[in-house]
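Look at the two complexes coming up: chain A is in both, with chain B in one and chain C in the other.
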Partner chain A sequence: MRPILMKGHERPLTFLKYNREGDLLFSCAKDHNPTVWFADNGERLGTYRGHNGAVWCCDVSRDSMRLITGSADQSVKLWNVQTGAQLYSFNFDSPARSVDFSVGDKLAVITTDPFMGLPSTIQVKRIARDPNEQSSESVLTIKGPQGRINRAIWGPLNKTIISAGEDAVVRVWDTETGQLLKESDKETGHQKTVTSLSKSADGSHFLTGSLDKSAKLWDARTLTLIKTYVTERPVNACAISPLLDHVVIGGGQEAVHVTTTDRRAGKFEAKFFHKILQEEIGGVKGHFGPINALAFNPDGRSFSSGGEDGYVRLHHFDPDYFTIKM
Partner chain B sequence: MGKIRWGELEDDAGDLDFLPQPLVVVGPDENGAKKVIEYRFDDEGNKVRVTTTTRARKLTGARLSKRAIERRSWPKFGDAEYEDAGARFTMVSTEEILLERPRVAGSKAEEPQVAEDPLAAVSKSGAVLMVCRTCGKKGDHWTAKCPYKDLAPPTESLIDNPPGAETAASQSGTGKSTYVPPSMRAGAVRSGTEMKHRNDENSVRITNLSEDTREPDLLELVDAFGPIARIYVAMDQKTGVSRGFGFVNFFNREDAERAINKLNGYGYDNLILRVEWATPRPN
Partner chain C sequence: MMAEVVLIEDIEASATRLGIDLSSVDLDSIQLPRGEDFGIKSDDDDDLYQEDPLEFEAGFGNIIVVDNLPVVPPEKFEKLEGVIRKIYSQIGTIREGGIWMPVNPDTQKTLGYCFIEYNTPQEAELAREKTNGYKLDKSHIFAVNLFDDFEKYMKVPDEWKAAEIKPYTPGENLQQWLTDEKARDQFVIRAGSNTEVFWNDPRQLMPELVHQRQYWTESFVQWSPLGTYLATVHRQGAAVWGGATTFNRLMRFAHPQVRLIDFSPGEKYLVTFSSHEPSNPRDTHRIVINIFDVRTGKLMRDFKGNVDEFATGGSGGVSGISWPVFRWGGGKEDKYFARMGKNVISVYETETFTLIDKKSMKVENVVDFSWSPTDPILALFVPELGGGNQPARVSLVQIPGKEELRQKNLFSVSDCKMYWQNNGEYLAVKVDRYTKTKKSTYTGFELFRIKERDIPIEVLELDNKNDKIVAFAWEPKGHRFAVIHGDGPRPDISFYSMRTTLNIGRVSKLTTLKAKQANALYWSPAGRYIVLAGLKGFNGQLEFYNVDELETMATGEHFMATDIEWDPTGRYVATAVTSVHEMENGFHIWSFSGKLLYRISRDHFYQFEWRPRPPSLLSAEKEEEIAKNLKKYSKKYEAEDQDVSMQLNEQDRRKRKMLQEQWNEWVTKWKQLHEEERQLRIELRDGVVSDEEEEYEAKEVEVEEVLDITEEVVAFDLDQE
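Showing the complex of A and B:
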């Protein structure tokens, strides 16, 4: 493969998201400007200016008209994808960490960090079609599991919200009442902070990545642990292929090894695993720093990775990727 | 015939010189580039040669929806609005990056591993069937790396105890409550040499290998005779080709013997193999 390198961000990448049709790629980083690129050749289309802090997460509506971003500047902003204009800003009392549009884009779930004595929260906001009618009221507020909630997404049919974070427990909440429905088991679940959570294309299962050097596959309805993928490095990002039975996991480096200077630059790799067999398929090297973000194009024919080095690497798979035999 | 006066034209060859040559199409070469060479008359009546080189390249998976095509023509905004032409935000990597498959166990790469934890060994497990004699589990680990290796005293000396630990243990002697390796415990059967030395006695040298034979190829060849402890193919560092010989260490002497008998003189990759004991045959 000849990856396309996109260096638009001055600071480490935090999140990557493709739009539904797979022609646009949105990148968020610790510099304050989320950027949108064309997903085929990596050409930059534009940046969204307005945030004053690291942008942790974003999501794009199904029609690719609206972008929502969550930032450490304690705001979540709605943008017009095409023009870059800011449509609305939700303000909070603590940094916003994760954002996700619901199926139908009428609601968005937002998590905020614990800050200055305030516990972490999961909030649901209604998104109006017309930004002028947008209200900042929360439809639902769930207060605090311990620690930071790194990611919260909508469960199947928006009936549930699935969250995971620093306390290593995956939780399922009811959208109507805000009640906790299920929790992952402490023994079999993750042992350290869950850093990333990513849904399958059909929403029936999801993948979590954790600093305990493993990633786990769960059923979205029953929260049953289905598979575990073991790596040698703490996991910062994970994604499920929409086309083949593959998952990709990216991460950092053992703290012990940080001081050893390695002449071979670019050795941080995204590891591919067979989703069902749990075996490693291979790795794609290239990043000069830990990988913080991974995303598959909805057509499954390419993927991109964002690193601590500020680069986004866009890979179009070689033909032999599609015929890999285990 | 317009403005052209045939008498003024160059007389290259032939009578019908006043007509331009028919167009030449040089078909798609290996890059898919096609050249069309036309000969025309321009406005001043000069004969000109027009070469058009085209290469049709299908953009990978470029099945864009109508909306996606519209988006392609959106104007740039934000920081990209005044991007100058030389801006290099997007570049294609000069290096070819591959999806590197994990290496098969039994090839050279496995050797330098020190105290691998069993979980890592599982995740790296390749296509080789590994049977551990101590716990009987297949496909997990070799006997030497068995996590249960000190639970049952081995029937033969299969446990690789580093000499340092051995002497320390024997010096501390019985009566003290120090750790005694299974091979030193009362009732353990040891037949002389340690596992590693024993394996070197089961070493088989294979010569007259072809230039591009590597460890996985040899493994395929000898795997049928029994479990392999080690496989090595000598390589020339400078050229990267095989030096034509390699060594295979079997766990069992009988397997090594059968391999020698069967493979010596065997035709492999257009060469006749020579297979024999690596050290002068002891008995």
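Showing the complex of A and C:
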């Protein structure tokens, strides 16, 4: 089907997130307003106003009531999804890069960037049911990895936190003690900055995308490297299909290197790979800048991509997509 | 190291035992008796030097010894030193206190020799070259040697010993690669710090690694013209590699800071080139060219001099040297090589490595020359002189006799370019002429039929003679050529034949393809097929064209392609994007008919080169016979192809099955764990049973919202009834 072009952001997209039912799509961009859309027809529902810097990441609670957003304005904010009202603001001393709700939505893991001499951190906050009882205290703070931590997510049963970032290493931390449990191997792991990390539907495995032009699939419990998908471009975003054995990888030449002669040169394609065979299935073109964000609808029947060009493209798969034979 | 380790505690202990206050001892003031080292090895001990003789040599490489100086008493010492300084400081910078003239302690007279230390070994080398044999006066002719050479001469044994004759050991078969059962071709690539040699395996649709090495070369690699050797370039010199199974180093050619190399066509000789920056920026670069015998590694001849002496362009312009300086002639026998100087062409022969007839050929104002690829014939181009009074001329000269075979005078010429057909049968000279107004130029071709009696010349002008010529190429081993011409962004391509159907001695046009996106021509080495390529501005457009049938077989694109090369058999074409572009680096392999076979991407991709093959040993008749009965011969290979493809399918199927099974194992494990954790998850969610795997229901809810209600009294008119 023809993709739906959603033009609501004025700056490059940074992150996309569907709610559990797959009827809402939340988008974050370098402009200051996270936006919510109808995932079906791309109609804009509204924006969440209050951030004062690029918004890097967001997550929505399981009941679609709460939205959490992390921004370069050194704050993480909680929102009422329905009304757009700001419920709470966690303030930090450095930009917040990633946010993720735990199973049960009672905890959130937040990463902050290294800034003005401060090291990067992974912090866990308790999320109160009643916003009036919300406290800004951190339950746990982890420091250690060099450089930015681009993404931290919860492992199975909230027992672990999985993080990855500029030092190219994927790490698993204990959420009780904050101890480092596992580290990806330097030889077989990523060679350059890990830019994105996304979980499978059941949280058993996850996919990391890196500027080393590859994406890797890992076991979330043992951190075993299962698959590697090699492409021709730095990877900025990746997602795992909840329906078929497919993964999608997006990226492209860095904006500063973008050629002025031909847009094919940039390879701004969302590439589909067979998850098991590691073979390329096909690509979806359209963006005229690198792809920064990718997300599958939880029903696996559509996906959306967000680009440096400021567009969100919502693609509903054609029937023949579901019958692709490899 | 033999020296024993003495702990500082031990020293302190023995010091207190002897009643010495260590803090009051100035360790620097202690002097050992001469010749005594208490068994402590010092840095300047001889045997330490022996471990690293290289450094030792480098240390004295910049010193020369000047012999046969006058022997003078102390009164004249300073005067002599002044004279020497004057002579030698012209050549390079002498180090401070770099002149040392020893004096006989008994007579106080000098000993007739002195040492001079320069800043660099290059200067020392130059000084030796320039002043060895310098006549100070009748009885004092300088004998100049490098200090390092002295060392060498001293070691020459006084008695002659017969050289040991080593028993003959048969060498490896350097042509082993030609005996590949699948008749595949090899190629070398350089990417990052790796240099790799592969088999091109089109059946498997991927290359097969033969040999790989990190830092194999410091700048580039190059196959010898017949493919026997792979040459690498290093700081110390060049090396050639080859062998039956893997790549062993066969020979090294010492040439410090070598920059460029060139093989003779029969790969008997290797020419190496280096250019050295002068220590004095006002001086010109110094150039060293060595010619080695590839098999023995022997230096056959060296040429040294200033860059001006080797710069081509005749008029002694500012242009640098154009490589190769020496061009080889006379086909695969490697008999002659020549270079152009100011108003001369110097032709050398390889029997003695000296000039033919001991003198260069005088050709006033020559600006370009080229050898026939097969015969010892030189083609020379001399531009117009005296404002058009003396016409420009192209002449063919037979070597070694130096007699002129043919000459053609040309008028109002601005430039000339020569193209030889690779069998030496034809020579095309592209002539740019001024129009009458002298404001613009137009192009024509002079076609020489070398193998025919008296070498007839034919003039060819394009249909539109104002068209710019973008590219020209002869069909290898054939009689046809292709020209890209036109000014616009979409030039035309024309094909010509040197034969016509009736009259064999006339050039005829075969066809013109209009408005093509092409700017380069790549004929198959076997002829008949040609790739019309649009590189650079055209972003890598490719058209595979059959010239026999005059039809396009396929079109393709290798986006941003920078290089195109046919394999030596004309079966495959490689297109590559080298690191001149930042992105897209890698290469594609195509079949001759334009089918893309496989793609390999590599970051920092520098070089792709097919391994050349020596000419076929089959006679022309045999080749023709095979071409005629191709069906018979190809049957066997077709069957093989089928076998391989079946095998591949089977392999692929098995691999997929294995991958799927592995994956299923993971999934089962995950499912099991997920189930085990189910209860815990529900707890985490405060008893909300709904789990991911549980289907949620999508209910369609119709909501009616009352926006506004207004009541209106409608007048009911009874009369209407």
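Simple rule for what comes next: the second predicted complex is superposed on the first by the 316 of 326 C-alpha atoms of A that agree within 3 Å, B and C clash if a C-alpha of one lies under 4 Å from a C-alpha of the other, contacts with A are read in each partner's own complex, and residues count from 1 in each chain.
As a working rule, contacts are C-beta pairs under 8 Å (C-beta built on N, C-alpha and C of every residue); 3 or more make two chains touch, one makes a residue touch a chain.
Since this is a predicted model, take the numbers as computed values, not measurements.
Considered on the superposed chain A, chain B and chain C are sterically incompatible, since they clash. Residue contacts after overlaying the shared chain place A:Ser89 against neither chain B nor chain C. Of the two partner chains placed by the overlay, neither chain B nor chain C lies in contact with A:Gln134.
Of the two partner chains placed by superposition, only chain B is touched by A:Gly46; chain C is not. Contacts of A:Arg301 after superposition on the shared chain: chain B is touched, whereas chain C is not.
Considering which of chain B and chain C touches more of chain A, the answer is B. Within the superposed three-chain model, A:Leu277 lies in touch with chain C and out of touch with chain B [touch as defined at top].
Once the two complexes are overlaid on the shared chain, A:Ser64 sits against chain B while remaining clear of chain C. Touch criterion met: A:Lys7 reaches chain B, while chain C stays clear of it.
In the superposed model, A:Phe38 makes contact with chain B only, not with chain C. In the superposed model, A:Thr228 lies in contact with neither chain B nor chain C. Overlay on chain A, chain C versus chain B, candidates 20-28, 92-100, 452-460 or 596-604: the clashing stretch is 596-604.
In the superposition on chain A, chain A positions 21, 232 are in contact with chain B in one complex as well as with chain C in the other. Contact residues of chain A toward chain C in the complex are 20-21, 62, 102-104, 106, 156-158, 201-202, 204-205, 219, 221, 226, 232, 245, 253, 257, 259, 261-262, 264-265, 275-277, 326. On chain B, the positions that touch chain A within their shared complex are 59-62, 64-65, 67-68, 71-72, 74, 76-81, 83, 88-93, 95-102, 119-120, 122-125. Note for the complex: chain A touches chain B at residues 1-8, 21, 23-24, 33, 35, 37-38, 40-49, 63-64, 82-84, 230-232, 269, 272, 279-286, 299, 301-302, 313, 315-318, 321, 324.
Residue ranges on chain C touching chain A, taken from their complex, read 539, 559-560, 582-584, 601, 656, 659-660, 663, 666, 670, 673-674, 677, 680-681, 684-686, 692-693, 696, 698.
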